[in-house]
Every structure is written in C-alpha cells, then in structure tokens.
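Presented sequentially are two complexes of chain A, the first with chain B as partner and the second with chain C.
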Partner chain A sequence: MPKSNLMTAAILLFLAGCTPQKQVLEDIQLIGVVGYDYVDGNKIQATVSVPTTEGGSDQAVLSSTTYSARSHTSKNIRQVLQAESPKPFASGRVSVIIFNEELASRGITKIIDSLQRDPSVGRNIYLAVAKGSTKDMLSKDYPVGEIVPAYLKQMIEQNMKLTFPRANFHHFNYSYYGKGSDSFMPLLDTKHGHIRIVGVALFDHSKYVDHISFEDSFIFKLMYQSFRQGSHEFKLGKDNYLTLENLSSHVNYDIYNANTNPKINITIHVRGKVNDAAGTPLYQGKTIEMIEKTIKKQTEHDAEKMVDRFQKKGIDPLGLGDRARSSARRFNFKEWNQKYPNIPVHVKANIEVTQGGIVE
Partner chain B sequence: MNLQPKENRLVSPYFAFYLIHTMQVGVGVLGFQRYIAKSAGHDAWMAVITGGILIHLLVWMSYRMLKNSDGDLVAVHEDIAGKAIGGVLSTLFTVYSGFLALTVLRTYIEVIQVWMFPHINTWGISLILLGVVYYFVSGGFRIVTAIGFFSFILGTPLIFLKYFAVKDSHIYNILPLFDHSVTDYFVATKTMTLNYLGFEMLLLYYPFIKHPEKSEKWSQWGVFFSILLYLITAVESFAYYSQGQLKHTIWATLTLWKIVELPFVERFEYIGISIWLFVVLPNICIAVWCVTRGFKRVYSIKQKHTLIPVLILIFAGTLFFKDRQEIDLLNSLVSKAGYYIIFFYIPLLFVLHWLVLKVRRKQNA
Partner chain C sequence: MFGKRRQKKQDRSQNQSSGQAKTQLTFEQLMEKCRASKDFVSFTKSDKHPFTISYYKSMVNPELVHKDLIPYLTSCSSLSLKELSQEIPVENIEHTSDVQTIMDSVLTGSVIVQSRPGKKDCLLIPAATAEKRQISVPETEFSVVGPKEAFIETLEVNINMVRKRLPIPELHVKEVTVGKLSKTRVVILYIDGIVNMENVNTLKQRISDIEYDHILDSTYILQMISDDQYSPFPQLINTERPDRVAAVLSEGKVAVLVDGSPSALTGPTTLVEFFSAFEDYFLSWHIASVFRMIRLFGVLFSVLSTPLYVAVLTFHYEMIPTDLLGTLIASRSGIPFPPIVEAIILELSIELLREAGARLPSKVGQTIGIVGGIVIGTAAVQAGLTSNVLLIIVALAALASFTTPVYQMSNTIRLIRFPFLIFAQFWGMLGVAICSAFILGHMLRLTSLGRPYLAPLFPLRITDLKDALFRLPFNRQSLRPMQMRPADPVRFNSQRGKQKNDIEE
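Up next, the complex of A and B:
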C-alpha cells in the first residue's frame, strides 16, 4: 500500500506542472465593447473599451479606457493591442460589437467568421452599426453615470424590450448562415453628448445596405415579433397627434402558394392604451372607434410601405422566405428569390384601444 | 469458472435504468444535431423517435437471448459457436468496448481543449481522467453503477437550460412535416441510432443485475428516457438554429448554452462542460469495466490484473488521435462498428441462438 501511495504522490507532483494557464480576474482586462472601423483595402481598425478601476479598494473609481490598433485580421489586432496594454485581454465578457458604417457596407464576413469561431464569445451579445468612427464613439466620456460598455449594453437591452426588435449575435448568425432571412441591428450615432439609437440598420447577407428610422422601428417590430411593450405616435388629424402604448401585440403570417404564386397576409393584433391625445375626448365610444380606425389605417399603410421597400431592395429582414419555407414542402429558394420583389404582401391590423388613463 | 457473481456484487434491477440511460447519453448529445440534419434536415427529429424504437426492439432481443442462455454474451457465443470461436467473438466485442471508452474519452478531451483550455496537453488531462476511472472501476461493478446514478442526477437538470433559448426560437422551423424522402429518413435514423450506442454493454453486465429478468422494464424505461432527452434537444435545436447555421455548428448543444444568461455567470457553457465530466465518466467506467469483465470470462484473468494494461492502452490511444479530423475518423469508425454490431450482429445472434436452443431441446427430448 505505501508503494501505491508514493506513486499517487509522485503523479500528483508531476501533474501539478501541467495545470492550464490560470486567469485571475485582477490580472486580465475584460473587453466590454469592440468597435471595428474601415481603414483601407483590407485593413481594419479595432477599438476595445475596457473597464478599469483606480484607487484602493475603499474608494475605487470605475472608468473605462480604450485601446485601438490596425491590422488585416481581427485576431492579429489583438496581438497589436496587447503591445500597449498592461494586462492580457480576455474576450469572455464582450457585450457589444460595433461596426462603422463604411466597414459594414463593405461586408463584415471576415470579422463575423472569426468571432463565431471563438469559444469565449457569447451569443447573447449585441451587434450594432455606428455612424462615423467607432473609435471616437468609444473613447468619449458620457455623463450618464455608467462606463461606456455598460452604457451601450443597457441602452440597447432596454430598447429591445420597448420598440426595437430583438436582435443579437445569434440572430445574426441565424440569417447569415441560413436561407430566407436577412439580419438587422441597431444603428447608433453620437448626438448631444450621448449615444443614441437612430434607426434599424438593414443587412443584405453580410452587407449593410439600408436603414429605417427609429420611429418606424415600432411598425417593424409589430410585424417581426409578438411583444408587450413600446409605444408609437400616430397622426389623428391636422395638427393632432396621439400616442398608442402597446399592451400586447401579436403577429400572424399566412402564406399561400409559396412554391407557385406566392401571396402573403400579415395580420397584426394590437391591444393598447391611449394616454396622450391632447384635446380628444377619450371617454366617448365613438371617439375610441375613430381612433382605432385611424391607427389601423396608418399602421397598415406604413407597414405595407415598409415591406414594399424591403422587397425593392431585395432584403428580407422579416424572414418571409424562412416562413414561406415552413409553409410548403419542396420549397425552392432560388425561385423564391426571383419572385420575392413582386410578391403581393397585405398587412391587416386589428387595433383595440382598451384604456384611456385614470381620468375621464 | 464462476458464471454467477456473488450476491454482494449485484445491483438491484432498477439500476438497469441508470446503466442503460447514462451509457446512451454521452459526448454524442453535445453535437448530434448536425449529423442527423445532414440527411433529413428539419425533419430529422423524427429520426430520433424511429431510431429509438429500433433500440427498444434490440433491447428486447438482447433480453430474450440472455434469459435463455442464463448468462452473458460470452455464454451465448459458446452456445452457438463453441468455446474456441466463441472466445474469439467475445474478444472482438471486448475490444470494441475498449474503443468505445477511448472514443468517449478522446472526444471529451477535445471539447475541453477547444472550449476551455486550448493549451492543455492531451496526456495530462487523459492521465487525470483515467486515474479517476481506475479508482472507480477498481471498486467493482457496484461503484460503477453508482457513478451512473450520480451522472443521471447531475446531468439531467441541464436539459432545463433549453428554456433560455426558447425566446430566440422559431418553432415553425420544424415545419413542414414529412418534407424528405424515405431514404433521407432511413439515413438519419441510421445516424441517430449511433448516438444510442452503449446499451449493448448490457450483454456483458447482465449477470450482475439481481433478478435480471425483472430489470427488462427498467432497461426499456432507460431507453425511453434517452429518446425523450434526445428528442427535446433535437426539436429545440432545430427551432433555435437555421439549417444553414446548424451545418456550421460542431457542438450545437454547447453553442446553445451560450445564450444562457444568469446574473452570477456570464459564460455558462464552461460550467456545463465541467458538469458534463460526470456525464461522460460513467460511459468510460462502464465500458472499461466491460473490457476487464470480458477478458475475465474468456481467458479467466482477474479483472484487477487487466485493468491497468487496458487503461494504459486507452491512454496511448488518446495520444494517438491528435486533431479534429483524426478524432472524427475515430468516432465514425467506432460508430460503424457499433452499427454493425447492433443491427446485424445482435439480430443474427438472436436468431442463431434461438435455432440452436430449439435443436438442442429436440435432441434432448
């Protein structure tokens, strides 16, 4: 028995040498946001935003700092970045990845491929397109009480609970590798010392081709998914506006003859409340009916116009192709793509206004 | 030769559930989706069911055979082919068990290397894991069974992680039903049955179950539970991934865990992979135990004496297969062997054994 104990001890001793590289939290820099900018030809610039702490454990101040570097491949950039950093970088907590407009419109295939191979990159992280340079966006200070990585992440996250359609890295991969849908992501801009979402950046496979405004993102979301929050402004008459607050919305797709002569009906049910309708008496049944009718008309009109725009551009952010595939056997994507711009799409909206606030 | 092990070495019939189930759930669950989807696309989840039904049938056959021989596979071989040829056949089956253990171990080490520690040496982690395997297997069959039980307790809750992917899923992805040809279903079913491999170890540990004839229903429940687990995993993966994306994803289950968001942990898949050690450990232990048992039955060598050499051979094997291609090759070779064993060999044995016994009964009468 002592002999085998000795063996065990020896094995343990020798194995102690082959423990994998340790990563102690204090000794690494956890990248929070990565921004990619176009430089020229096939060179890109990456900027990473890293939370840092200064001061002792009692009065530590949290702030963020940026590093940027240029190179041809995104993995090599990491190497170049490392050359000016006191601690090694770790990408396990990347929460937002931003592409600048020019880079995005030239295609982000290379970067996506590299990100998606990396086992330490999550899937519930947000991708976004930025107007202007991401380096400028990330290196500024914003008086919002949050460091840049947390600010960006929380801003996108809470907007996706409201009017912005849900999109993350998984969704991008879904459309990027799959057939029958195209991806979209938030379009960011710096305005008045803040970062704001200014619209929905629409992609054709890996290229950024078009965008719709932030105001229209609600209409887009109504068609894209069922959800329970968000609000939108409608025009009631001349100089008369009201806001509909969504309590619950539900969308349904009916696709006919997907293989031969496709026709699509999109039905949206919205149950909402109207709070902000200055000057309109909300207690009369007649007015409510009128409001419902107006909202219905505008929603249908705006939605159909939006789909028409997608079809003309040949992009499919709603995933109509993906839905059509699930509605018919032996579905042919080639034929579908040819027919896509001319498929008649009808939107029907059922609006139900249920509440008008706490006073009559 | 002691055919019947002593009573203090036996396990209760209901443990057959854990033995069968844990052996069927291993490294395969982490990435079987894209293999079955290769032929039957979004309809491949049906192959999980059809494949499972076939396994139910094979388990039934195995039980008929084992009951009539009142022993294990080695006894069945002797009944049919005599001692010499039967011994050769049993040895082949034993070698197959060894390869099964090697495949599971090497694939799990690959997962660790790709996902967690790219710098780790194969020999280091292999030595540690085989040390653990030695510890359990040397404890005897009861300990090995207990590991199977713990594996079930620790591994099964991971199925609830699928919940996090639901809000990013489109259930319409699995529509329309029956969009593929019969051949596609057949190929997918064939691929799927390979994930159910491992139940055939029953042929060797059967005498170690107390009142083995009572354990049949538990074994069938074990198979049923495996089907359920694979079915939930497959349907959720098909709803979560687009088919094109699935083609690119080697470990669909692990990648799905990436969406898990918990306040106290950012990258849950690391925890999942660590827990998965307890899911693969019984696979290795049961297979290694079966190797030593096989040698004992055929050559009357004590299990204690074969254990270390077997582990050394497996250790050498893990060093031999180095990269993704080679590991994939190992997997497909062992799968192929397993395929022939369960679909040709077991039914053949079943028929032959039945005939032999019938003839013998007539002669005796």
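Up next, the complex of A and C:
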C-alpha cells in the first residue's frame, strides 16, 4: 500500500500537466470544408466553411458561414483567419477539402504535406478539385436543405457509392506516396445553383493534368474496382439508347512479364439489369444477346481508349504499376515508367444481362 | 493508548448496562431493578397460595397468563415447583436458580413463578406475546407473476415462510444473539448436506463477532459482516422474498434472518446476481435472458451515458456522429454552463426528485415525479439552462438505474456515476477509462464471504454462466453453482431431467 500511495503521489505531482486540452463543442468553430485558391506566386487563399447556429437552444437554426484569408502557408492562414473569428477554429471535423483548378495544376504538395501531418484531420475525408474559385463555391447558399459542408460531403459520399470511383484522403495518400500509381479526385463545378461532380480530375503526382467526364467515370470505376450499384448509358443503335444498371461488377488484372516485356489484360465481369430501354423488345432472347454484345463492344472500346489516353499522358490512375509490382519479383519502377506509355493493354468485358424489369 | 481507551469505555458500559455485569446480582437485586419499571408486576394471588408470579406486563400474552397459568397455580397450590412444571400445559418450562438466565428470559417475556418469596429457585414459563403485522405483498421486489408474500418483522413467521417452502429436516436454523442493548436474535439458515460448511462457519463467526449495541435491521448486519466495509458495492443480497431465500438455500447459499427485520440476507453472492430479478425464474428462459441482458445494458448505460456526454462534448468533438453534430451544436448553443456543470445540475436534480419522492407518502410522491420530471425539465430547456439532449440522456440514465432489482445495488449505481463524471471532466474518455479501471480493479478484489465477487466472469466458471448473464432452461440447471462450492453439487439427474415421458413415445 505505501508503495502504491507513493506512486499515486508521484503521478499527481509530476504528471499534473499531462492532461488533454479541453475543446468544448460550443466554444470552437468546427471547420467543415476548406477551399484553397491560387492567388499568385507562392500565395494561396483559403476559405473555410463553418456551421453556425442562430436562436436559442430550443429552436436553433443551423447555417454555415465562410471565412477566407491569404497567406503563404496553410497553417499561417489559420492564424489570419483566427483574427476575424469569434471562437478558435478546430480542424477535427473537416470533411471535404477543395482545390481550385489553377492551384491544383500548379501542384498541391505543400498543402497535402501539412494536411497529412495534422493528426486532427481524418483520413476518411474527401479531396476535390473545383472549377473556378472555391471561395465563390463555398460562400453561396444552395437550396438543398443542408448546410454547405454537409451538402458537399453527402454529395460526394453518395456518388462514390454509385458511379464514381472511391477516392478519399486515405486512397489519395496511398497513390500519392506510393510508386506506380497516380491519384484522382472528383472535379466539382457550380451549375444551376448547385454544386455538381463534372468528372474525374486526374493527377500526375501532385499536379492536376487531365480530367475525364462524369459519364465516363463509370467505365473508369469498372476498371478501377469491383463494386455494386451504379448505372451507365449505352448507345444501342441509331437514336436508340439504353441504361444498364450494375448489379455487381468484378475486375481482374492479368499482368504478364512485368519485368521484361509487359502485357496487361483487364477482364471486367458485369452482371447488370437493363433499366431503361424503351422501344427495345427485351422479351426476345436474341435481343438480350444483342444488347450484351453491343454493351461489351462499347465497354471494351471506351475502356481501351481511356487507358490509352492515360498512357499517352504518362499518368497511371488505375495503379497499373502498383498492380504489376505485386505480380513480379524485383520489380524495377524505372524501367516500368519508361515502358509504360507503350505497354499493350487489352480490356475484355463480360456482360451478363440478368433481367429487364418486371414486365416480360 | 487506543487499547486503554477502549478498556475504559468497556468499563463504563458495563457499569451502565447491568446485563454485562460479571459481578453476580442476587435475585432480590434483580427484582429491585425490574420493579423500577412501571410495567413489571409481581404478586401473590392470595395468602392461601404460595406462588409468587412476576412478569413484564408489556411482554407477555395476558390471555395465556390468565387462562393457562393462574388457574393452575391456584388449583395446584400444594405442589412443588418441579411437579408444577409438569402440570402446566406450556412447553419449555425452565426450573433454575441462575439469576442471569432468569433475567434474560423475563426480559423476553417469560413469567417467573416462585414457590415462596425469598426462595432462590423459580420456574420460567415462556409466555411472550408477539404482535405482528399481516404478511403483505413485496414492495421493492414486486413481481407480476409468482408468489406475493414478503417477510415481516417477526422472526418466527419469517422462518415459517421459508420452512414452508423447504419442509425438510436438513434445513438447519442456528441462532446467535447480537447487540449489547438490543439483544437481537439473528438466525442463520442453511440446508445441511448442500451447503459448504465453510460458508456457514464464516457467517456464524462474523455475526457473533459483531460489536455493537443495537442491531435493528438486517442491513446493519449486511454492512457489519461485509468482506470490505469501505466498498460502495453491497456484498450480500438483501431480499424481502421468502421464495427467493428458499431458492438460494437450495443452491447451497446461506441466509440470515434478523428478528425485527423484514428482509433476509443471502450469500455468498456475485455481482451478476444483483441484476437477476427473482421474476426471471417465473418467465420462460428466452424472455428472462433478454430482460436480464437489458438490465445489464441499463446499468452500463446508466453509469456511462452522462460521463460520456461530458467527455465527448468537452474533449472529443471529433467523435460526434455527423448527423448528430447539428442537433448537438444547436441544443448546446446559448447554454451558459460548460457540459460538466450542466450534467451535474441535472444529475443532482434527478437525485433530489428521487429523494423527495422516497421521503413522501406514495400519492404525493407521484405528484413530485410529475412536477419534477415534466415541469422542471421542460422549463429548464426553455429557459436555456440545459440542453434537451442531456435532459433525455439523464432521464434515461435514471430510468435505467431503476431496473436493477436489488435496491442497494441501484443506489450504488447512481452513486458511482459521479466519480465517472469528474474523471470525464478532467481527462475525457481517458478519464472514463481510468475510472472504469479503478472500479473494475476494486470489484476484482472484492469477495463475498470469501468467494470472488465477479465470479462466473472472473475467475471464469463456464458451468456457472448458465444462470449469470442469461438464464438457460431449467433442464440445463442440473448442477448447483460452483461459486458456493456446495457439498452436493448435483441438483437433479440431468439425464432424467431431459427426458420427456410422453404417452406417444
């Protein structure tokens, strides 16, 4: 007993200062979204969107407001922002970080570095590139029944469940710091009073170099990961379109001779359901076969074209290099990077239409 | 130094209460002392009859004295005391000249019969009256189905209620008298052949070692014989149900009944037993198991919910689910207190309500509940003093704490919430974890009559789990709990217990 009493006394005496810092919920400003804009040279402008409440505790209304400031480093911006805020900022609830197009194409290394060092920033947050100024995007009001941070987060989240390939901060870090892959993120734009995803912003390491359209993101996702849900429109014939809803898709990579003379076969299996095919008689067995064939052809064609485009640009958002590394011993990234633009990639799609709705 | 002081005290008490006096009183001195009380009578019926009768009027049954005693004394005036004791139709008549015995029994309602005033030997005829109240419905351990008898304040009736349920000669009843002033009769019940005598001896020794002047209820005993008297956790179960006592006796436990107390103590016990209501055995086992787990969840919720609220709101805003964040910020905005003050105010007001309700007659108590719960609650939120989220949490936590079937335990649960709150305020979730570690460590060290308190869980006794966190059907309960180390561990033949002798088979 005396020993343990002594220990307790010692702990109380020497570790009295080792207590966590208090951050009472209502005494801090929870940053929901951060937007970074390019100003000039080294200077960047950051805009934060924070939820605020008006009214008493009984009928409080939640809204969001923005603060923005310019500086050279993102942490210093915090200090400048602090100067006009009633409460200190806390970055533990950041859910989306947006880079303006211009800033992204000049490289986001500095910001990423400071973000990934910050332990209070989560890894399941979303990064995005915005066309135009992020300040304008964040300071507008959107009639969606949600405050801007929640709107942006939910919008990106639900799209990643559907046709958009998954890409949060964790995935970004993996492809950013890992060899043999490049990162991508949603490309946002404000249209008709809403924010929308207009495509996939493709990065060459830290620089935004290219983008593919939102329509093509389904094809990209088919190659990138196995998933359920999502739908895509295919052209069946002249003036005849149909929508295929994905029930489950599976992708498989076969990489041959990764070290010497690489050759890649991508096999996609899609089990789907024809959703919207007005004018096409689905009850005829042959029609289904015809549809399957057409979709297969289109998918293979679009996918190969997309990969070809990546190769020409020298970017690797599908992580082919990473996949090749995992299939070969003593993998040499230098050689791979030289060969990358000319590696033959074949896409094979197996489409299976299992149903066409409840009407036979 | 302390020894001396104690010695002095003892001397003083000996001088004050004659009962402890080692110096023998003479019979005359005793009579002198007794006559100082107004309710002591001593008389000789008439000169023809030699017998002198003395008793405390308030302690004897007058009917017995008038109908069964005095007629015999007057009619058999020529007999000696020995012959008289055979004549009188009352059992357990003692013929003694020991003054100490005489004093003890006259004070518990015996009638002293002397053949002639001045003679030292006398007859002690037990004629105690026992005023008792009606057997009523259990109030703190009420059950919807099942027997509705509760113990009353009379020891004999209580023993009767147990023996009625276990009519076997192996049910032993041992009596110990404790309390210098109250001379309370404490009775230890156990089933010989099932119980482990170690438990009985521990209990008997602890009870006879009690040093106190008055023992008025079994809860006195409960606190005095607990293994760790400084623990907030009760270490014996306090029950008012004779059926529960009968059930645990047949498990190999020991029960203690105290004269004048409407509740029995049973032990050795474990923590999980405090969360099993006796009604669990009256319901089908699935339902009983689910209810038991709901109760356990209720305990955890009741202890941890407000501390977690304080911890999360003060330290870990990152942990709040996104969908709840807006609601929480909205409900907290405009409240002048930090979460801890808010939580303590609400917790204390709930305790106030409970205390006020408990001290008032039941009808007024209900009104207090309504006034407190609805009026103060809504008003506090509307006045912006507390957030409605916390109000819900505190109310639910209080509700959850009342699900514990044993009253003593539910008090403990409400109490240990406060250290958790303080730790949560200082160190957030880390503090809650530290406090849990302290409480858990304390419970690990606790014992009940020398048997581990967290038993079926630690040390893990898989066979005892059949009736711990959940309750398996009766045909799986063929073994008595290992916790008590019963002399006979088998309750019934499990093979035959599982058979179904239906006519079709």
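Keep in mind that, in the parts below, the second predicted complex is superposed on the first by the 339 of 360 C-alpha atoms of A that agree within 3 Å, B and C clash if a C-alpha of one lies under 4 Å from a C-alpha of the other, contacts with A are read in each partner's own complex, and residues count from 1 in each chain.
What we mean here is this: a residue touches a chain if its C-beta (ideal position, glycine included) is under 8 Å from a C-beta of that chain, and two chains touch if they have at least 3 such contacts.
Since the model is a prediction, treat every value here as computed from it, not as a measurement.
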| query | Just chain B (first), just chain C (second), both, or neither: which does A:328 touch? | reply | first
| If you stack the two complexes on chain A, which partner ends up touching A:175: first (chain B), second (chain C), both, or neither? | first
| said: In the superposed model, which partner reaches more residues of chain A, chain B or chain C? | reply: B
| Is A:92 touching the first partner chain B, the second partner chain C, both, or neither of them? | both
| field | Touched partner set for A:35, first chain B, second chain C, both or neither | value | neither
| message | Per the contact definition in the header, classify A:165: touching chain B only (first), chain C only (second), both, or neither. | response | neither
| Counting only touches as set out at the top, which of chain B and chain C does A:124 meet: first, second, both, neither? | first
| field | Doubly contacted residues of chain A, that is, touched by chain B and again by chain C | value | 20-21, 92-93, 120, 122
| note | Seen from chain C, its contact residues with chain A in the complex are 313-315, 317-318, 320, 322, 325-326, 328-335, 338-339, 381-382, 384, 387-388, 426-428, 430
| remark: Per the touch rule above, chain A residues touching chain C in the complex are 19-26, 28, 30, 51, 53, 55-58, 60-62, 90, 92-93, 95, 120, 122, 147, 150, 153
| Taking the complex as given, what residues does chain B use to touch chain A? | 114-117, 119-121, 124, 127-128, 131, 167-168, 170, 172-176, 178-179, 240-245, 247-248, 255, 258-259, 261, 266-267, 269
| query | Across the complex, what residues on chain A touch chain B? | reply | 11, 15, 18, 20-21, 92-93, 116, 119-120, 122-124, 166, 168, 170-171, 173-181, 319, 322-323, 326-331
